[in-house]
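Quick notes on the structure that follows.
The first chain written gets the first letter, and so on, giving A, B, C and D; residue counts start at 1 in each chain.
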Amino acid sequence: MAPRVAIIGLASDFGCQVQVTNMEDHLLDVLGLMDLAYWQLASSGHLPEEYDVAVIEGAVTTADHVATLLKARETAAVVIAIGSCAVTGGIPALAGTVDYDARYGVVYGDGAAVARGRQVPKPVSSVIKVDYHVPGCPIDPTEFVTVLSRAIMGLKDDMPQDPMCAICKTQENVCFLDRGRACLGLVTRTGCTAKCVTLGRPCTGCRGISPEANIPAARLVYAEKGLDPLELDRLFDLYNAAREVVV
Amino acid sequence: MSTLTVEHVARIEGHGTITVEMESGVVSDVRMDIIEAARFFESMVVGRRFDEVSLITSRICGICSPNHALTSLKAVEAAFGIEVSERTALLRKLFVYGSYLQNHATHLYVFAAPDFVGLPSVFPLAQTHPDIVERALRIKKTGNDLTTLIGGRPVHPITAVVGGFSAEPSAADLRAMAVRLEALVADTVATAELFQSFEVPAFETSGEMLALVEDDDYAIYDGETAALDAGWRRSASEYRQFIAEKVVGHSNAKHSTVGDRTFMVGSLPRINLSAGKLMPRAAETLAKLGIAAPSRNTFVNNVCQAVELVDAAERCAMYIDRLLGMGGATLPEPFTIKAGSGAAASEAPRGTLYHAYSIDDDGIVVGGDVITPTAQNLGNLEADMRAYAPTIAHLPKDEFILSMEKLVRAYDPCLSCSVH
Amino acid sequence: MFFRVIDKERLPDLITGLGTEYEVIAPVEKDGRFVYAPVVDPAEVRLDYDTTLLPPKKWFFPAEETLMRFRVADNEVLDDEVFAAPRVLFGLHPCDINALLLMDNVFTGRYADPYYMRRREQTLLIGVSCTPSDTCFCNVWDTNEVHWGFDVFLTDMGDRYFASCRTVKGAEILDRFVENRTVSDEDTREFQRVVHDFKEAFDRTVDTTQLPVLLDAKFDSPIWDEFGEKCLSCGACSMVCPTCYCFDVHDRLEPDQKSGVRVRTWDSCQFKEFAAVAHGQNFRDTRASRVKYRYYHKQWGYLSKFERVLCVGCGRCARACPAGINPVNVIEALQTGEVR
Amino acid sequence: MNNTQVVMTRDIDANPYHPWPARITSIMDLTDKEKLFELRIIDEDVREAFEFQSGQFVELSIFGVGEAPISISSAPSKQGFIELCVRDSGDVTGALHAKQCGDVVGLRGPYGRGFPFEDMKGHDVLLVAGGLGIAPLKSLINHIHDERHEFGKVTILYGSRNPAEVLFRYQFDMWKHRDDFDLILTVDQPDDTWDGETGLVTKLFDQIDVDPDNTYGAICGPPVMYKYVIEEMRKKNMDVDRIYVSFERRMKCGIGKCGHCGVGHQYTCVDGPVFNYWEAMNLQGAI
């Protein structure tokens, strides 16, 4: 029997859900793998009481989100977090770097307090146990389908954990560090074929910090290349502000 | 008093709830509660470097990210006084149209069409009307492939940077894309015909209509803001002087007014203001559909999106030809980082999008402001809902709800965008 | 061996001629560095290149390749055909040719690898002489000279090339595609002078005496910890190395999950998972142990089987490693007990 | 044989990565985590040509999931089938556990160097296994069993974590009643039902007599075990080059190319998995 899948959005820009619809050639095949129990973006209907797989997009920024997640964890056998927002806190977590409460005033002035139960943005895994992560801003839809199908089969995600430089080398890019520009590839989790670097833009760390990253060594590399070692940390805030900083 | 709520209206981008208050069978109030969580983008960019702004703001919306990226780039360029090359501007226009193709196709087929055929989603259509679903996917895919060709991926462009592009598509790839776009015109015309065949309620909005206009082009990347009823044209970068935003109690998105009127932005206002600038097939389609611009029927917005699809397919093929024939570069020229402020506007698929930033001497952002199309539309949408609800109050509850949802979806609202 | 002389200005004819029958791969410029890429126009070819970003191995053993297509339902192989187009690799430096010979030891012989072999059989190699760069140290391993493994080798003698043809095929293409002449005494004298000067031009000295013994004796040396602290575990060194051949294998399903492909991708012993086995055991858990393994294998493991070290001194890893770790400073650190 | 099969056979010959289809002909639950699978290669010619030594392994292939190296557990003297004793410890092994009798999987091999069966003949044999390490040793034991008259004293020491994890109990019960096999079982954590020894396998060395000039040793178990068992063997004055160890390392190809199984300056897949202890001593980081 096809597993019942619910796609649930928290604080996000829906980009990862859109990416799922963006695999036009295979969308129908992919939908054939599952019984789509809930997808607010594409279909009418309410979040059902029972489903097997919860796919979560978005960062946790309100008390409602926390409640939704606790319920999802109770209901679903498998929880998959997709996209930087859900995996690392992503761009939303950038708002949490300094004085989160003041930001409300900056945007809304003294207006009515509508942002009920708001919290400093954080990743899904800080609230519930997450079984599979699909990192990236946005996700790569093929990677999502691979992880989803492996989750359904009960397999490990099979995703590499190492930093990005290796895959960047296979693309024959001239290293940004050698061109005097900061790049986060040397500490960012690989798996994206170094797309940004290949298209002329340094890695910005959207896939999160590689569990194998050697941050102190990377700071030294920056210094060696004439960059400010702390620039590494500053750049990392972009998608990883909710991380624990390694000294 | 009874209250009717439709929580998490489906098939729109973001989370919103319709609340209708009835007093002895008469509609007394209608609200669109936007419960989408605020992410505070305007304060988030503060303290970040100028070249990160477009990366950050493109995450306001995963559906029209190319538009946010470009509008913020233009604002930063305005602050630094950077003029981009003609080639860059043309490539950027193509980029915007890629977004149009994918956005309009998604809205029309995935979000709106199920309403008209009485289905919860587009997926069952794959069984009953595979040709329609395949056509939808073809248009959407061409749009995505065009944005990918230029920006590196369909969502959150990689290559669009301050001053130009970090990489440019090859001539061969562009040429192949032009061929696909020409072939797509037939699909877009069929789309317009399909939507014309759906019955739309006779309903007129009372709001003003705003869109960018240019003297010699259908304005999407540049132009001045024009008001349909008031008849004025003003510099878009002065948007703060003609658009007033206010915080309302029930919505995390602010509401906007122009003068003291609510107003509408999007395909309908654009066609109302620039019908004469449409490409031939698009103009022909518009005429054939019997839509007399200006129209005030909000529901016609869907058909106008379809007409814009025709225009986009034709126009992009022409732009690619022009691009292949012209010289110039898109790699950014060196520029000086200096303190300054800049504002910019462009037409996103859902309407005019404004971004403004102040930057200090070190290139660090000190202030930011964004008004999204949906935020501009919300006041008007609520006004429409208030006007429309009493006229359908007699319908059974299910039909009443569906009709209200249709009205909401006619605006193609993007709620996470509107809150941002 | 059969020798010929080609006027420099005639060389483009050779490339154009080869292009009529082969896919020609040659060094071209990319963002200020060089890559081996397919060329159509001889003017793109840059024989003055120092070294390429990736070595030629990618044309025989691509960074990612499909081994077979399979069907899930009955665990059946649908297709494992190895397709290789006739190709010429033009402009290889001696180190890169020597590196291919080292790769051959692994991929041919017992359990010959059909994917590598088929491409190897279908590819002609045309070498060209080089000049030492800042990072190369091929002289340390004697890999700045190459005696076989190519079809034609072109030695630059200013206005002309001294062409050594090692294979029948090599002689044949030379005669067919480019005007050439037989070698005069003067040419031979000039050749001797040029190669002598070439050898003289290398001044890198590294003491490699009894390296295997040194590696064994210094197995527990703290210098490895120092390298471990610097290493980013990024694997860049392995990717760019012309002699690194390790790979990983993954099964990838099509979106309908009914069929799929088994692919292999380049791997690196610097990655943590590389030596991990079930139940949490990892034989090379620390960065230090992994950096050490790379050198231990290259300069002792491989040597124990094939009597050569698995390095040709091309210096690519030295350029690619963000942390500046490379064979020269590793060997020197082993010798001196100090990481420079 | 029809045409398609002919083509396939040729391809397989040419391609060492191409697995042979093999049918699962029997599955026996051994413990919670281990099952014994009997497999039969479908192609008759290949099946007949499939000859192996105890200690060699195969690459087991489940398309869509991957491959895993697994020791052959049955004796080479058994023809037409092979047995694999597999612990569910991940993707491939888990997928195998989910298979039914009659399902088809893939096999390639046999690979690697096995135990020196011929050399061992005419000598006493001391086999020491820990946990799943019994899997390859079982092949050797069965092989010795089939040619029992060729060997001197045969002693088997086998340690498990707890009684529930003891593998091949049915066989051991049988051997226990024979007087030509000395089998001593031990567990770290006994329960009420346990009537064997308690403690680490090294403790059992107190109970055995070894003729140092005439005994071959073979060890297979978890990585931590080797050092201590070898120490005990050395205390009994056994020759370093008569002690054999079988290693487990990560492997992707099984044929000396992928590089994962490197141990010291050797590869486990082609130079091992069975190494002579003298060799193993010279493999840095092996033990």
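The rule we apply is simple: a contact is a pair of C-beta atoms (placed from the backbone, for glycine too) under 8 Å apart; a residue touches a chain by one contact, two chains touch by 3 or more.
For clarity, every value in this text was computed on a predicted model and none was experimentally measured.
Student: What clusters of chains are still held together by touching when chain A is ignored?
Tutor: B | C, D
Student: By Cα centroids, which chain is closest to the centre of the whole protein?
Tutor: A
Student: Please work out the Cα centroid separation of chain C and chain D, and write it as a whole number of Å.
Tutor: 38
Student: Which whole number of Å gives the spacing of the CA centres of chain B and chain C?
Tutor: 52
Student: Please tell me the distance, in whole Å, between the geometric centres of chain A and chain B computed from their C-alpha atoms.
Tutor: 25
Student: Tell me, which residues of chain D touch at least two other chains?
Tutor: Counting only residues that touch two or more other chains, chain D contributes 64-65, 90.
Student: Please output the residue numbers of chain B that touch at least 2 other chains, ranges allowed.
Tutor: In chain B, no residue touches two or more other chains.
Student: Specify, in ascending order, the residues of chain C that touch 2 or more different other chains.
Tutor: Counting only residues that touch two or more other chains, chain C contributes 250, 253, 257.
Student: Just spell out which pairs of chains touch, all of them.
Tutor: In this structure, the chains touch in these pairs: A-B, A-C, A-D, C-D.
Student: Quick check: in the complex, which residue numbers of chain B touch chain A?
Tutor: 7-8, 10-11, 13-15, 35-40, 42-44, 46-48, 52, 55-56, 59-63, 65, 102, 106, 110-111, 114, 120-123, 126, 133, 137-138, 140-141, 144, 152-156, 158-159, 161, 166-167, 246-252, 254, 416-417
Student: Within the complex, which stretch of chain C touches chain A?
Tutor: 30-33, 35, 53-54, 58, 63-64, 229-236, 238-240, 250, 252-257, 266, 268, 270-273, 287, 319-320, 322-324
Student: Flag every residue of chain A that touches chain B in the complex, lowest number first.
Tutor: So the residues of chain A touching chain B come out as 9-19, 21-22, 24-25, 27-28, 31, 36, 39-46, 61-62, 64-65, 90-92, 94-95, 97-98, 102-104, 106-109, 111-112, 114-115, 118, 121, 137-138, 195-196, 199-201, 204, 238.
Student: Under the definition above, what is the set of chain D residues touching chain C in their complex?
Tutor: Where chain D meets chain C, its residues are 8, 11, 14-19, 21, 61-67, 87, 89-90, 93, 103-106, 222-223, 248-250, 252-253, 255-260, 262-266, 270, 284-285.
Student: Which residues, counting only chain A, touch chain C once they are in their complex?
Tutor: By the definition above, chain A touches chain C via 23, 26, 29-30, 32-33, 145-146, 149, 158, 160-166, 168-170, 172-175, 177-178, 185-187, 212-214, 216-218, 220-221, 224.
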